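Shared between the two complexes below is chain A, which has chain B as its partner in the first and chain C in the second.
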Partner chain A sequence: MNAVLSFLKRPLVIALLLIAALLYLGESLSPGFASADQVLRLLIVASLLGIVAAGQNVIILGGREGIDLSVGGVVSLSAIIAGNVMNGADGGILPAILACLAAGAFFGLLNGLGVTLLRIPPLVMTLGMLGVLQGLLVVIRNGIPSGRAAPGLSAFVTQPLVFGIPGIIWLWIAIGLFMAFMLNRTVFGHRIYAIGSNEHAAYMAGVPVRRMRIGLFMISGMFAAIAGLCLLGYSGSSFANVGEQYMLSSIIAVVFGGTSLAGGKGGYTGTMAGALLLVILQGILTTVNIDESGRQMVFGATLLLLMLFYGRGKAMRA
Partner chain B sequence: MTPTTIETRPIRSGGLKLWLERYPFLPALIIVVALLALNGAFSPNSLSYRSLTGLLSTYMALIMLAIAQTYVVSAGDIDLSAGATLSLVNVAIVVLMEKWGGGGAAVIGAMLCGILLGLACGVINGIVVAALRLQAIVATFATSIFFTGVALYVMPVAGTPAPALFWRTYGGRLLGLPFVFYVLAALALLLFLFSRTRLVTQLLAVGDDQQAAYQTGLPVVLVRIKGYALCGLFSALAAFCLTGDTASGDPLVGGKMTLYSVAAVVLGGSALAGGWTTVVGSLLGALTIGLVNSLVFFMGTPSEWQNFVQGLAILLVLMAGVLAGRRVRA
Partner chain C sequence: MPKLTLNGVSKAYGATLALRRGDLEIAAGEVHVLMGSNGSGKSTLCKIIAGSVRPDGGEILIDGRSVTISGPQSAREQGIGIFYQELSLAANRSVEENICLAMLPVKAAFFVDRPALKARAARYIELFAGVSGDGFAAETLVGNLRADQRQLVEIMKALASEAPILIFDEPTSALDRAQVDRFFDILRGLKRDGRGIIFISHRMDEITAIGDRVTIIRDGETIQTLNLSETDPAAVIRLMVGGAGDMPASQSSAPAVASFSAGAAMTVDRLSGAGFRNVSFEVAKGEILGLGGLHGQGQSAVLRAIFGAGSVTSGEIRIGSDRFDAKSPRDAIRHGCAYVSGDRGRDGVIAGRPIIENVTPIHYLRDRLMIARPSGLKAKAMPALEAMHTKFASLMHPINSLSGGNQQKVIIARWLIDRPDVLLLDDPTKGIDLSAKADLFALIRQLAADGLGILLYSSEDAELLGNANRILVFNGGSVTRELTGEDRTRYNLYQAAYEAA
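Showing the complex of A and B:
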């Protein structure tokens, strides 16, 4: 019995059970919600969020109040860079990928340098960077017409690729496997947990804490850049601040996946389920017939309710 | 105006350090003075009585919101719903004032309701974060979505005007002085009174070391809830200033202000980790944001570059604020 209870209390299990419950609820509220087509569409949306959350996840795992508020800005920037570089031509996809990754890594590097060399708290550093990125978006948008997605990229995101499943979902699965391998099987991954649970001990044990942390921010920037690229493929053209929605929802996905904001504990598999959970919840709210105010109230209240299922802080003890 | 810092021992040597310890907002003050000088250098007109009054009445709402944020930051928490609370109070008072006829009694009644609403939002946040022990960043983000939903229910689309009596008073003059000066004076008095209360000291104690505060016998949960309630109160005051400035209701107006309020707190020299904050610094931090924005304008920056230069300048001042604050505390 205890074994069953502790199994049921694992974040991943909670998330999967909640996903099943929500799918059932969605299907009974509007028949067809849980059909294969709809689930695939939800998975596409979830994969965009999930890819951003992968970067957020490693930063949060790395501890020291790690958080990246600039991901939304990087997603928008990457979408607009990709649109301009490829401009509707398949030949431009590869240069676009490289340009986006470079931009993501660059802003991640700046974040990382501020957090490590100047010891600016991540929240402050990435908040400031978000302002810079939003300003940059205005500059680019006024100077250059926003480009279009290449047909190849749109097909990759929205059309079935293998076994009737779009490429972006395969990409997400690949990222999931990569993250699981990196976090569990590589020295780098183990060091993330080490600096996240006790930075000083990790430093004493010879972990290059600063370089690690800079690396984590670069990874986060690059994941956000990939998501921005895919988002362009999903929507066809980039529009104002498309990435803003990902800033806090990526953090919520990580929390719903059972990763503690204190760092050092958690993993990416849960985060994937968390992202899916969030997207399904939003999907249900858009299908039921209530106005925007009711939708937001229910969404906020449900988020709070779901958070109660996950790690609550410890009570104070003398 | 006294900074809300607890007396720290041991007493350090060195005049400057002692000054900084007593007045931790000094670096922020220097930045504000420098920005004022730069504004004046680029456009002498920007230092005129008239434009300074305008700047103050535009940024009064952000000043209030930054102060609201400071009280939760004192206890080591954060409130990402402050902007949504502001929006909710904004639409609620505009709707109430309109419904009650827009007279003097209606304005005062609506403002009282607004204050109660702000306090209620704060208490909800406090219960969610301190009593239910959810993580402050994500929990207050969830409540911000909820409050935005309520605001949209109260007023689905922006644009309902506030009664003329309200915004004419805010933007007008009283006994020859701009009304916003009275707001500032009242705020100063309020902050002074609060800085004398036990609650502010308790908030700082909780923010400094929660476990230690608990073991000293402080009701930590209650103190944190009170901190959030104070935040809700000042968010409501911020909503009054905003309504006076924009003269209308908008259910989404505050969303963008939340992160600026956090930035203002950091700019003022407070530590986001809690235990060391200065409300005067936050006031100056909010002014810094306003002055950076006007400076970028007066420098003649091309319009498409303005946001970028503002963002960059604020990032740089944020970094400077963190570094200076650490120097002081070290």
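Showing the complex of A and C:
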């Protein structure tokens, strides 16, 4: 009985049970909600969120109140860069990927340098960076939408690729496997947990703490950039602040999946479940005609509620 | 009638008796010195008088009346003022505000009376006029002062309490000669006023300069009270050490001299940095070199500096014949240096992670690994953990599931997969059980026999006397004495530790 109870208390199991419950709720509110087509659509949307949350995940795991509030800005910027570089031509996909990754890595580098060398708290540093990015977006676009997705990219995100499943879902699965491998089987992964759990001890054991932290912010920037690119494929063209919603939802997905905001504890599998859960919740809220502002309120409240459940183990500012 | 009397005061923390029996009598107009080694119970005694610790038994009398001191506030009301060793100043407030912090003058029952505050603070600032140094003024923020100036403010704050009974717990550690002389003049003035003063210091010259009587505490018991004019420092130290203090270190434990034929493992030449200056020594391969002395005399600072985790301003370190200046622990580890801290919670344990990840970080670095293959790592980790007799159920269990002693064994085991050339031990047995200590020292001696050079700082003198081939005694940041062979006695260790720096 105790074994069953402790199994049921694992965050991942809770999340999976909640997913099933929410799908059932959605189906009963609006028949067809849990149909194969709809579930596939939900999975595509969850993939986009999940990819952003992968970066958010490693930063939060790295501890020292690590958080990346600039991911939304990077997603938007990346979508615009990709749209303008490829401008509807398949030949532009590869250059677009490279340009987006470079941009994501660059802004991640700036975040990382600010946090390590200037010792700006991540919350403040990445919030400032978000402001910079939002300003940059206005300057680049000058209010005029520009750039279109290449047909190849749109097909990759929205059309079935293998076994009737779109490429982006395969990409997400690949990222999930990559993250599991990196966190559990590589020295880099072990060091992420080490700096997240006891930064000073890690330093005394020869872990290059600063370089690691800069690297984590670059990884986060690049994941956000990939998500931005795929988002362009999903929506066809880029529009203002298309990535804005990812700031809060990526954090919620990570916390939902059982990763501690204090760092050093958690993993990506839970985050994937968390992303799926949030997307389904969002779908239900849409189904019952709750508008964007209402959804934001529900999301914010969800995060606070999660903190109440998970966040009591360890004080954030120890 | 004595100003303050303690009769049979005792205090236990759980199963540990911090103070077995404290008897003390402070007369009006005397400076009464408390002496005892680290952990002998003198700070517990002071805390009981100051009200921050409630005694389990015994009796406290002030001016012959039995009193109960229920807390720091009540101590102040009963006329007890204390200077805290760990300074208790507000960094962002001015000198004058800090001096008057305990009793801010008020007017109209609500507002701080600035002119009164200034006038009162000025009285105490005036006492140290001429010796308080540049930049010391009533309006200066305490955070902008030097260490010695902050200590002066703390003294002024204690004096401002105008309490009939004053406790000074190591008040002179940061002060220069002129400041100490001025402070002692002030204390002599207080004696003439009939105050009772308790004074704790580790500097024998200061104790004989200002003290009237001395009470010696050993193992939680007040042993004896002597008139300082009728005794000499050697007798005081002998009382602190207790019986058998003149016996040389047990020879079954460590040979008196390590063979230097194997050559030097590490040479440190005129090294200075934050907390230590002009330290020179050589550790031979196969030698255990002990660092002794009172707490915080630079031993840890030197070890951390060698390991690249502290500051070095001048001097040089060599491993073998190569110049070695570690800019970071990472650098030091790459060059074959290892460091084990007694503060494993801060410096060692990666909490919440599996035992295996706590054993492998050094191996990752020294073998430049990228992939962590569990089976390969297990084969590396097991022998290291077994060498330490570590008890654990599974390598995948979190390190927190182990006892303190076993956690420390895991931390030490991480250095055994790829052997270092030099092992720096910074009070490695702090807070671990006796059997773990025994395992630890058996391993340390084995490592020395294998040819490692080992630097051992320990706050327990018995560990140094039992294991070190030579002992360097630190005092005030420098090595003041080297004990070898027959000289390695508890008495000599104490004497060197308590000499004037």
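Simple rule for what comes next: the second predicted complex is superposed on the first by the 285 of 318 C-alpha atoms of A that agree within 3 Å, B and C clash if a C-alpha of one lies under 4 Å from a C-alpha of the other, contacts with A are read in each partner's own complex, and residues count from 1 in each chain.
Note that in this section a contact is a pair of C-beta atoms (placed from the backbone, for glycine too) under 8 Å apart; a residue touches a chain by one contact, two chains touch by 3 or more.
Since the model is a prediction, treat every value here as computed from it, not as a measurement.
By the touch criterion defined above, A:A21 reaches neither chain B nor chain C.
In the superposed model, more residues of chain A are touched by B than by the other of chain B and chain C.
Legend: residue contacts after superposition of the two complexes on their common chain; A:I290 is shown touching neither chain B nor chain C.
In the overlay built on the shared chain, the residue A:Y193 is in contact with chain C alone; chain B does not reach it.
By the touch criterion stated above, A:I251 is placed in contact with chain B alone, chain C being left untouched. When the two structures are aligned on the shared chain, A:L123 is found in touch with chain B, with no touch to chain C. When both complexes are overlaid on chain A, the residue A:L29 reaches neither chain B nor chain C.
Of the two partner chains, neither chain B nor chain C is touched by A:L94. When both complexes are overlaid on chain A, the residue A:L303 reaches chain B alone and has no touch with chain C.
Residues 80, 128, 132-135, 137-139, 141-153, 156, 210-211, 214-215, 220-221, 259, 262-263, 266, 272-273, 303-312, 314-315, 318-319, 322-323, 326 of chain B touch chain A in their complex. By the touch rule above, chain C contacts chain A in their complex via residues 307, 309, 328-330, 333-334, 339, 341, 346-353, 357, 360-362, 364-365, 369-374, 414. Residue ranges on chain A touching chain B, taken from their complex, read 65, 67, 69, 114, 118-121, 123-125, 127-136, 138-139, 141-143, 248, 251-252, 255, 261, 291-301, 303-304, 307-308, 312-316, 318.
Touching chain C in their complex are the following residues of chain A: 185-191, 193-194, 197-198, 200-208, 264-265.
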